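Look for subunit A in each of the two complexes below; its partner is subunit B in the first and subunit C in the second.
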Partner chain A sequence: MMRARGDAYDVAVIGAGMAGMAAALFAAEQGLSCIQIGNGGSLLFASGLLDLLAVHPVAEGRRWQSPYEALAALAVDEPGHPLARVDSASIRAAFECFVSALGAAGLTYAPLGERNRQLLTSIGTIKTSFGVPAAMVAGVDALAARPPCLLVDFRGLREFSAAQIAATLAGHWRGLRHQRLEFPGYEAAAELYSAHLARALESGETRRRTIALVKPLLGDARALGIPAVLGLARASAVHAAFEAELGVPVFEIPTMPTSVPGLRLLGALESALGKRGVHRRQQASVHALAFDAHAGTAELELGSVSGCEHLSARAVVLATGRFTGRGLRAERDAVRESILGIPVQQPDSRAAWHQRDFLDPAGHALNRAGLSVDADWRPLDAGGKPVWPRLFAVGSILAQQDWMRAKCGSGLAIATAWAAMGKVRTALRGTVPA
Partner chain B sequence: MNPPVLIQTQVLIIGGGVTGTALARDLALRGVDCIVVEKDDINAGASGRNHGLLHSGARYVARDRAAAIECRAEGAILKRTAAQAVQDTGGYFVAVQGDDERYVADFPALCGQAGISVRPVQLAEAHAQEPALSPRAIAVYEVPDASIDPFRLSLESMAQAQSLGARLLRHTRVSGFEREGRRIRAVHVRPRADAQELRIEAAQIVNAAGAWARELALLAGAPIEMTYSKGTLLVTHGRLACRVINRLRPPSNADIMMPGGTVSIVGTTSTRVDALEDIHPTTADADLIVGEAARMLPALASARYIRAYAGVRPLVGSADGADARAVSRGYALFEHEDQGLDNFTTITGGKLTTCRLMAERAADLVCRRLGVSRPCMTATSFLPEAAECAWTEPGRTPRAWMRSHGADDMLLCECELVSASVVDTILAALRANGDTPTLTDIGLRSRIGKGACQGAFCAVRTAAHLYQHGDFRSSRGVAEILDFLRERWRGQHAILWGEQLAQAELMEALHCGLFGEELRDAGVPR
Partner chain C sequence: MPAALFQTALYASLVLCALGLVWRISAWFRVRIGPDAQAPTPYQRAAAACRGSVSVLCSRRALHLLGVFFLDVLLLRRLFASGKLRWFGHLLAVLGFALLLLMHALAPLLGAKLFQDYQATLDPYLFLRDLFGVMILLGVALMLLGRSRARTGFAAPRDPAGASFIALLAIVLVTGFLLEADKIASARAFYRMAEQYAGTADPARLKPLRALWASEFGVAFEDLKGPQTPDLLAQGRELHDKACAACHSKPASAFVAYPLARALAPAMAGLEQGQADVWLLYLHVFACFVGLASLPFTRFFHVLASPLSLLLSGAGSAGEFFPAGRVSRRALALDACVRCGICDARCSVAPLARYLGNPLLLPSHKLLATTALAGGRLLRSGREAETVRAADGAFLCTDCGRCTSHCPVGLDLEDLWEAGRADLAAAGLPRPAQWVQARPAFEWAELLEQIPGKAFAAAPLAACAPLAADSGSFSRCVQCQTCTNVCPVVAHGNGAGHGVDLTPQKVMNLLRLGLRDLTLGSRMVWDCAGCYQCQQSCPEGIRVADIMYELRALSVQRLGAVRSHGAQA
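For the complex of A and B:
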């Protein structure tokens, strides 16, 4: 039992990836007092695109133009899939709420609509996604119409080759040209990092020099594609300046991590949570979590370099992610949930975790392992009962989904956070507010 | 159909492993013209899938003194003539509680009888020197074991042979033998599946195909008996010991941990297999190795593993039962004259440590048949270093990069610090041989893809670099990245738990989640 009892909150959200951010945002939107524990490091791996559902069934690799038709098919084929358990009206509402909060925080997304969109990636594959940052949306149009188009990249930005994209698409896009540029002011650097370039482009001088390099190369191009480095906090101004000076639509192409659109997402979400009064403990991790049956609260012990902190919450949302997020821990004999040791639905033995072919169409069985939850998103103990009446789980830690293959990571995070937060609010009715 | 293109040479060597490349070098040094045909790439078989041990011979003193003596002599030769490929770390033989004490007691005398220097090490000294040793160690002996980089050895042997006029045809399969009486008149080979067949006329043909020697001998009409033994090894993320650490007991599973530059390599297993296709490490192999090796080195129970690989030992002879350890690890030279062939030789079996000697014996036979009287030079002449062959050694690229990197020399691999200039050196050598470089070729010749990320980042960077150079065109890059990652995955799935599983998840999130590389027509807009 823990000694001290610290501040009390309605909801403690453990995790600060896409699902934890969405859960904290939705909690605040519902007027609940909320504390979020965890750093947003996993968002640095985000592309900026908000996938909803693009591929189903995974084994067939079938891509869908309409995420909602895909969701309807998923609900029939895989009723246990977490996304199959959220109705489409809720998913629409969740995405609208999430994207409008980002917009209010200065990170604009294109209007969502009903369709998936297709975009170029930095290696020349075609990505099908749903929520597209405004700075990328001209790329959707360009890929659809395929007008004369110029792609540029920067020497030293190692994971990005405009030549590769143009060569890969050459058979499908006649007027696609490419050009490598020296990034102004970084001529002496061997390696460039996208975040540095993004910050540099917020300076008017670097921006003008970059635009001056691009302009004479445009020729007949009716659109310009560029690595996603057009500014950080002031990204929309940087993007607008490029379009105004160049006179053609300019689109960013998502890059490998650490990605600038991921940094923008992190910044916008932090700002949105801050405005809504969400308390955050970014450097802390949960050392202990216990439930006080008498008080009806969860008692959390947080640890960080600055010491130990205790707090209590009337509801807890686990949004701790999978293996990279540290929500699940794979040991040689089994997968375990990291904080409470909640039973993990998983294959019988490690031999069944992975296919021998990395790209086996069926996907790896381990990717469908995770927490089983009841209809109210509460993880279940070994006896099939909720671990605690007000402990909820959202996002990629949930079982029976393979977000990497189905291209549904953000959708899974946002939709389950929304749905679970509805249950949190219901569960908190009749308890004493914090 | 066009008639096959005719190529002529004195000796055709089938197989580009440690034996085939050593043979090409040996023959080239004697002034004999030769061609190596390799169905895949240098060291693609067991030559590249072993623990890189340069035996002192101590492992064999109890069971096979002749093999022990042979290893002792050959180990000394390679340490002298191919020093650049050898890390002369020394080795410990370690017994732990429960091991056969009579074997332990006999060991030093047996080493002495084989001429192998052996020194008893006080336990306190052993623990101070190698802190990873189990506190349950009961006896430790030091022997002159060393580690050798088989890729560097083969690449530099082949490079020297080529500088003397030998030719290498990679990705070239033997499709048939043309016989005429007691001679093979020509060998038909096919470079890549879609290319035109070549007809190679050679006075002598040497089958140095390692585990595939049985298939080739059969195709030539001179069958030999062989047994295949699969051995699995695990690679740790960090290096756990300075020396080679052997278990002091009769040969068994998981009785060695090798230093491999920045990593340790732990193994092995021995499982009899009947086919050469689809050889891969299994989770059961990995568990067996971790469990057993941890008795000697407890840190192995909780170490991070980044890779597993399995090779097939070509053993000459037949074995009953599942354990092929009973079959001799010695090499065999088949003259095939009793099978009605006068210009066909098979050299197989053996060990990495004795590859030079195997090549010498085969070359002696071939030269006798050709009427060439020049003696073997490889026991005394140094193996020249070649700039493009030096990059498989772990830890070399960081040193080179620290010393000389310029503003235009970006790092393509951040795990192993492989810079673009290193890749360019390798590319230039491949192009000079008339090859179209692939990511896999570069991976075999460097540390690209060998670090913790197992290619997730460096494959993309290297592909981008190859597009920039014009080596890659059209949509080949995605397929190349996929081939590379698939090959890396074959060595990962058996050891995915803990940190490395998180790393693998990141790889899939990037390559499938973001790039969608697993989807058909991933690069086709609709």
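For the complex of A and C:
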């Protein structure tokens, strides 16, 4: 892991979303020296839930209780889907590694198990997911058993309505009550922001006052649902204090982005990478990427406010995401890959990008555009050859998947990062200089 | 030179120098900067400094200070970190000056006592004197080169006293070399010496010696031209070894003066006629005396103040002997500043200084304004425009601390700026944040619409606010509220019940809508703590905090124009 100045890194991971974070984490776990380039801000859009695969086939909207059975079906129906190309043992290992690293960084997840879980969303719909933060897992049990339950929200916290959740579930969950509270200390504020509340709840005083507000309202309730604002870095302690004081299981309900669980996830991943010695360039972007055939390295030119930086790496992992991550660019005539202009597998013409109906359950062809890769996760050039022997691609930039509709975003990121990092290590074996 | 004249002049300049030192040092206890400077009397401040010095010197800190003395004072570690070129130049100049003082100016007192064989005309001393002189010249040249490389877009502050002192130094060096050259080439000096040491001044009897000294010692005999015969030279060498060699090395080792003497040779007759050696000596000596007497009144007083500042900085908080000591330290800072301009080149608000055309935003200029403020010269009536510019300079500082961390003499500039701002505020010059927030943002926007365009600075917007001027820098905003969520100012404001008028994401949205003027007077723009959490977290990579700062700069310029327009109307 130690690396002298001027040496090449083993791996440069471009991107700091879920896939980039997973790739950097797995690289460090394998003892590779790693540098990660990119801003982790996109993780703030995460809900904290780690989907594996919930829906297949997308057009039918069929939900699966077992993600591994869904994966088996996917492998038969869509052998080109990136997740269909990772064996289930690897997926299990990848998730265990990812979640245990998060746990060590203070963000505990419920034991993963074999099945998907169902949870409430902030608008009362039901979400199927796989990895569930410990602070939300009581909600899975409550939704399954439907005991008397109290949902609270806070005046001024937008896009979260306990009343709406209760109304949506009215016919299905008797004993589900709701109550709106004034957040202690913020009575004069017109608008509340979840991260501010989370930070405020880390102070004992605000926590006690909030618990004191909730306690008399509990009545016969055997569980409490609350917006996901129970602390940031010290979230487990805040959650534990609520459960201990109230005497009932307390579960967080994910809020709209930018969410506190997203902030926790980003914080935990940053701390995990930091502890493992991963170098990071958060405010930089890759301006140029070239391959030095003689030295066998990739030469990266990074640009940021503070200037230009050059570095080299023996392998590069593209985890730049799709359109919001700016790994792909939709131009007038075609979709292009942003850094190297790698050919993108896509519909022949713009007219074929979308279905006639925007809300067509089958999704749109554009959503499945992306990079084609070989069996070793290396993106292919126009001639069908790897662009460079040690350039790999992971996560949502890969073609032939529609992660949003299949509810497999985190699974795609974590599983492909794990599989590709295995190939990276194999490829690096031949290159490490004497 | 008559001894009486020399001594009178020497003692007079020593007395003037001593008086100057007393006056300047006493200022460290007299000058008041900052609200906490009003209470302690000069006597209390001096007493605190004495007590503090003794207690620090008697503590374990003294050992640490010894290290500071060697590394920071003697070896100029902090200057080394800022720029090798100027460090080397300064080291050369100081070393050359000190050695020249020891081995030349004070030779009868020190040099000759330290070195038993000391003779100004013998090697290595002959060579070394020129070397030391060249070291000073080279050192000063390197420092000037280093300074000219660090451009800020503004001329260095005017400093006639400092410039005069440098001119005196140049006079001393040039006359020194000329004097030496004149002595080498002088036939008159040759005959005087010959009479004393060879027992005769008869040109005929000295013919061999003259031949040798003309060809190898650079003496310009008017009646002796062309090459000499080897026989004559051999005889001359014999005579030389007997009478002269004990005191004279070949002057060629004076590698500056000897070529100069060769060049002067054709003019020597005229120079001897006009007694050039006497004039040069007077010039040389009196320039030294004037320099000595004026030293305390120029910025070269830093030779005393800067080491003290470095030691105080090395003593840490123990060196402040507070609170009276902190106040004195500010006054010392005014003297210890060497006007190197390293701070200016690193200043975060330098681009803004250029845009507003106001050098008083830059630390070294601001320090002079602080000196004027402390001396009561800034707030005089008739200087209102200057005062407003100084206030802008003081209040637009972002407290980034780069000036302090790069100061080669260890000044605590943050403390000085804070104290100066407090004095300006006490004198009725409100901080921009205060006068801006006297009206709500929308009222400012309405007033801005009524102001004719020519009231504003002519410089293009992109020069001051490149991000706010370029829609590409904020148009990517998706209004996700991440910036607001991580903003401690919004969190605190909401918690404290007074709120902010616009959250960061609303500021970005107003920019996207082309309503930039509506943001300029907003509390968010002015309350921004510059913590950069928004910028670090923005999923779209928008430089939110940098934009906030630019808006603040624009606000000073545009709302400031509204303000002065209102004052005229």
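The criterion applied here is as follows: the second predicted complex is superposed on the first by the 424 of 434 C-alpha atoms of A that agree within 3 Å, B and C clash if a C-alpha of one lies under 4 Å from a C-alpha of the other, contacts with A are read in each partner's own complex, and residues count from 1 in each chain.
In this section, a residue touches a chain if its C-beta (ideal position, glycine included) is under 8 Å from a C-beta of that chain, and two chains touch if they have at least 3 such contacts.
This is a predicted model, so every value here is computed, not measured.
For the composite obtained by superposing both complexes on subunit A, the positions of subunit B and subunit C are free of clash and fit together. Look at A:285: by the touch rule set out above, it reaches subunit C but stays clear of subunit B.
Once the two complexes are overlaid on the shared chain, A:188 sits against subunit B and subunit C alike. Angle at subunit A (Cα centre) between the Cα centres of subunit B and subunit C in the superposed arrangement: 90°, in steps of 10. Shared-chain residue A:258: touches subunit C; no touch with subunit B. Shared-chain residue A:362: touches no atom of subunit B or subunit C. Taking subunit A as the reference chain, the count of touched residues is higher for B when subunit B and subunit C are set side by side. Legend: residue contacts after superposition of the two complexes on their common chain; A:295 is shown touching neither subunit B nor subunit C. With both structures placed on the common chain, the touch criterion links A:121 to subunit B but leaves subunit C unconnected. Within the superposed three-chain model, A:305 lies in touch with subunit C and out of touch with subunit B [touch as defined at top].
In the overlay built on the shared chain, the residue A:212 is in contact with neither subunit B nor subunit C. Once the two complexes are overlaid on the shared chain, A:45 sits against subunit B and subunit C alike. Overlay on chain A (Cα): least separation between subunit B and subunit C is 6 Å. Subunit A residues in contact with subunit B (one complex) as well as with subunit C (other complex) are 45, 187-191, 257, 324.
On the side of subunit A, the complex with subunit B involves touching residues 45, 47, 55, 61, 63, 118, 121-128, 143-144, 146, 156, 158-161, 163-164, 167-173, 180, 187-191, 254, 256-257, 322-324, 326, 329-332, 349-351, 353-359, 361, 364, 367, 403-405, 407, 409. On subunit C, the positions that touch subunit A within their shared complex are 480-482, 484-486, 490-491, 494-495, 497-499, 503, 535-541, 543, 546.
Subunit B contributes residues 280, 282-284, 287, 290, 405-412, 457, 460-461, 463-465, 467-468, 472-475, 477-478, 481-482, 485-486, 488-490, 493, 496-498, 501-502, 505-506, 508-510, 512-520, 522-526 to its touches with subunit A in the complex.
Put simply, subunit A touches subunit C in their complex at residues 39, 41-42, 44-45, 185-196, 199-200, 257-258, 263, 282-283, 285, 305, 324.
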